[in-house]
Amino acid sequence: AANNPATILRLATTTSTENSGLLDYLLPDFEKQNDYKVHVIAVGTGKALRMGKDGDVDVLLVHAPKAEAEFVAAGYGTDRTAIMHNDFVIVGPSADPAGLSKASSLADAMQRISKTQSRFVSRGDNSGTYKKESSLWKLANVKPQGKWYIEAGQGMGKVLLMASELDAYTLTDRGTWLAYRDKSPLKILWQHDPLLFNPYSAIAVNPERYKDTNYKGAMAFIHWLVLPSTQHKIAAFRLYQQPLFIPDAVQDNSAPASVVTSEKHS
Amino acid sequence: MTDSSLLSSLLDALQLLLLGDGKLWSIILVSFKVSSLAMLVAALPAVICGFLLAYMRFPGRRLLISLFNTLLAVPAVVVGLTFYILLSRHGPLGDWKLLFTQTAMVLGQIALCFPIMVAMSHAAFQAIDLRAWETARTIGAGTVQAFMMIVSEARYAILGAFVAGFGRIIAEVGASMMLGGNILHYTRNIPTAIALETSKGELSQGIALGIVLVTLSFLLVSVLHYFQGRGQIQ
Amino acid sequence: MSYKPTNIQYSNIHKRWKRHIVLKEVDIHVQGGHCILISGKNGSGKSTLLRIMAGLVKPDQGTIELGLGTLPWKQGVKITQQQVMYLHQTPYLFSGTVEKNLRYVQAAHNNLPIEMEDINKAMAWANIRHLSHKPVHQLSGGERQRVALARARLRSPKVLLLDEPTANLDKDSRARVMELLSSLRKQGVAIVIASHDPIHFSSVIDQRLRLIHARLEPEPSQPDNIIPLHERGASHS
Amino acid sequence: MTDSSLLSSLLDALQLLLLGDGKLWSIILVSFKVSSLAMLVAALPAVICGFLLAYMRFPGRRLLISLFNTLLAVPAVVVGLTFYILLSRHGPLGDWKLLFTQTAMVLGQIALCFPIMVAMSHAAFQAIDLRAWETARTIGAGTVQAFMMIVSEARYAILGAFVAGFGRIIAEVGASMMLGGNILHYTRNIPTAIALETSKGELSQGIALGIVLVTLSFLLVSVLHYFQGRGQIQ
Amino acid sequence: MSYKPTNIQYSNIHKRWKRHIVLKEVDIHVQGGHCILISGKNGSGKSTLLRIMAGLVKPDQGTIELGLGTLPWKQGVKITQQQVMYLHQTPYLFSGTVEKNLRYVQAAHNNLPIEMEDINKAMAWANIRHLSHKPVHQLSGGERQRVALARARLRSPKVLLLDEPTANLDKDSRARVMELLSSLRKQGVAIVIASHDPIHFSSVIDQRLRLIHARLEPEPSQPDNIIPLHERGASHS
């Protein structure tokens, strides 16, 4: 199909991959090599899964392991493949009123926030970040409610802006944090915790449910994503001079095995 | 929502409506409280501006009219952004600490509904015979009385301006989201709640909230229309 | 209510619309109890003159003389316009009922709303009592005119400027207008009428003027003999 | 935006404008193409509806008028949702495969600008003297000619209706986002681009795009006003 | 243009506005070359009757008889209204210039726009040539009336219904209207005039009717002697 106009492949993904610029950086190679035109629809994870369910897109790149598993189990998607991960961090006011720096564990950190009634801005939506946050509260055995717990119901960027304005804590993915770091008085107070890993998978929409879905393109995309060359490129991606995503599908160890960062665990 | 057919979405929506819950009512209340406040503040000045644009001659009048018409096309999110920068901690009005309050939402909504009401009430006055003003003055009405008489002559179109202004802000999401922050029980109104539900993929909840909004608006509009008169040429 | 008789001298009024000169060096002296009739062809400037006197149109030039000496136009008109009422050639009625229109009127002597009793009297006088709750857009041409006349009567200003007040009126109503005019004249109101039917007003006119080539001139002598005949002819119906 | 002061935001914005880039122009093009198409489709039917509501007597007329006025207050995102459910593969019109295309955006925007244009042109016609229609018929104008003459009498307010309709869709983000999907070079228009930049925290880029939108709208409105006439009562 | 002379019988017209009966069992026969004058008090129903005949108002009852026999109202009026022109008591002019208003007129005989030459002729006739590029909202009362008359002349319908055509007109213009009426009458146009000044039309009237208590009755005999006298009196100016 070299001479035909490129076939369209519809990719629903989370805002983090689009906003960080990762897709702008990766996709041109894919389009060149495979003769597809990728239409990127960047929405929340919840909405992306919904679009997959409805067959309105061909392939997903999302980060919500539990929901993804349900999605595949229900027969909406196939070929779920781990692609990469990044991680979440907890940011908060530099004065650190809750004393996260003295916390012994992530659960302890969360408890300190609720105990000191320090303001915490929550995404309050169905995003992967919110799901992660909920699991952390559960882990800490805290039911977050009260004046200090602000359910924003917005995207990550807006929540970071709100937390900055309100001198509040919040849980954020590292990519968005890097983008906002310069204009925020907040700083990272908890990071590099395995509990805060944020894995991304690609899922093809099940062609048995929707015959005319571009399954071929979806598989081409997934296969391309796990190619060593692509995985290297993912590892090499930098945002504000910092690596952001750690490839999960590389078998060799030529790629950086872990995130190297100047910011030390506080 | 268990499956995505239109019918089941609607059924879900209806169910949600009938069951209702405290959360829903708090959201509805925020919506109507904030937008009504904005209307209360903006309506009279807007009508007066429209009146002056129609009845006074001064340099720059036509430019001003074009300007107000243009301001109709300012996206709510841009209004939101502008006020955000003004009200943000580092902004010139940061000391007021208004960001993420209902007051900030009211400010944003005033800025949104004001231009459309000026433009439409100007058009309304513009359609009124000049003799109406002359007659009012000649039978002894003072400036304020005469203004009221002209407003009453143009009431059909002016109430239309109010409806359009209210419609613009009760339904807008950009400014409320930026300035209010969509905080549950405080600054979450119907449009931001719809945006949230939608972003979660909960389309039926979004539609349900939409139906609530439209139903309440319909009641409001019908009441207005009762005052507006027959709406038929005479 | 007027303790000193009304006495206004409008002098040297000039008015042009673009290149078309409508009024040139027009002087007109308005006195309480005095009734002036202005005639002139279509487009000769009658309405323009009355509207200028009422302060609705700004002349290019002109002064107003009151008891206080000569005033520049802007200043003079501010004082006079409170007491001057202009009746449009085609009257404007506010949407709503006849009664509502009359309730809008403020008494000229104190600028307060007028009592319902007086409104009813005025409606009875103009023979529109039966129409009091009718929306004005349903009125006939003459009925509209009569509402406008009732309005003028209610307001009872010191100077009354009437633009074709009898067009569209039937004979009875015309007679009623004559009655009104002579009673107002007796009460010391100054009256100026612009009309193409000068003959209707013969009984109340003190002075006849004519707009011709943008100037206001005294009317050439009127053949008086035809008036009673016409009146007789008209009264048969 | 390196710091959050208003001034530096604006300077950044201006710089972006002056440098411009292909991406920016593609976004602008999508915006105006989609909204102009929607206007082209919706304008005439809306004016005709407004006319019929003003000049015809039929049962349910007043209800219809209230309805159109209510539809002004339907949030763009609800319109977006509704069309989304219709056009989604599962939906009744799923076979058309229109989701995430410009056509879907046009459909959504038609639904958004139609009611406001009906309501406002109805108010416009309503202000015109009945004698205008009678006179038109009496001097031999056919139905269509007479309609055109009345439109010309009401042109000031009708152009106002167009401006308001256009303003509503050129600035709306909810429906375009849902139905277009904000795909770069294809369905990303100015409002969705602003939303994207804002969500990235690039407030200055958001404002810059807002300024682009407002400037272009101002040009458009000024051209319309040239035809609209003086906007002063006569 | 009309091969058969116009001949329309409107019969048994009833009309009431809410409880107020305006027209009862009204018959009127309209013939080419025949001029009818309808008089009556304000609010007696003159305008209503003309508007019904023009198809602008629906009567509660009534039939139309053409050459074809009696037709129910709805059907009859559809045929006649193409050829009937009604001139409003206060004419409506479309915003824009005088010329633009005249260019809107379609010739009654073929419903096509009228040639510029004819428009110029009509303007000259109505003495509004000098106003042709003037926006109509700047016109004086009489000038507006004259534009409306020029429009009627241009359209030259088979039936012309005139509602107070001479109100607001000066003597010259009235004379011109008389000329128009008699020439149209000679051309076979059927004319119906409603007016409070029947005296103006004496020279062209074939039949005088009067609306009284909702019925259309023949006018009681007219004292003819006063007309020439009045005309003489009026002509001095």
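Letters A, B, C, D and E name the chains as they come in the text, with residue numbers starting at 1 for each one.
Going forward, a contact is a pair of C-beta atoms (placed from the backbone, for glycine too) under 8 Å apart; a residue touches a chain by one contact, two chains touch by 3 or more.
The model shown is predicted, which means the values in this text are computed figures rather than measured ones.
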Just to be sure I understand the contacts, which chains border both subunit D and subunit A?
B
Chains in contact with subunit D and also with subunit E, listed by label, are none
Using mean Cα positions as chain centres, tell me which chain lies farthest from subunit E.
A
Taking each chain's centre as the mean of its CA atoms, which one is farthest from the centre of subunit D?
C
Please tell me the distance, in whole Å, between the geometric centres of subunit A and subunit B computed from their C-alpha atoms.
37
Report, in whole Å, the distance between the mean C-alpha point of subunit B and the mean C-alpha point of subunit E.
50
Gap in Å, rounded to a whole number, between the CA centres of subunit D and subunit B
16
Can you list the residues of subunit B that touch 2 or more other chains?
4, 88-89, 129, 178, 195, 198, 203, 234
Multi-chain contacts in subunit A: which residues touch at least two other chains?
54, 155, 158
Shared interface positions of subunit E, touching two or more other chains
90
Judged by the touch rule stated earlier, which pairs of chains are there in contact?
A-B, A-D, B-C, B-D, C-E, D-E
Quick check: in the complex, which residue numbers of subunit B touch subunit D?
3-6, 9, 53-55, 57, 61-62, 65-67, 69-78, 81-82, 84-86, 88-92, 116, 119-120, 122-130, 133, 154, 156-157, 160, 163-164, 166-168, 170-174, 178, 190-191, 194-195, 198, 203, 206-207, 209-210, 213-214, 217-218, 221-222, 224-225, 230-234
The residues of subunit D that touch subunit A in their complex are 1-4, 88-90, 99-100, 181-184, 186, 196, 198-201
Footprint of subunit D on subunit A - complex, ascending
10, 15, 18-19, 39-42, 54-56, 155-158, 160-161, 176, 179-180, 182-183, 210
In their shared complex, at which residues does subunit C touch subunit E?
17, 39-43, 46-48, 89-90, 131, 138-143, 145-146, 163-164, 167-173, 196-197, 199, 210, 220, 222-223, 225-227, 229-230, 232-234, 236-237
Residue positions on subunit C within touch of subunit B in the complex are 54, 56, 81-82, 84-88, 90-92, 94-96, 104-108, 111, 137, 151, 155
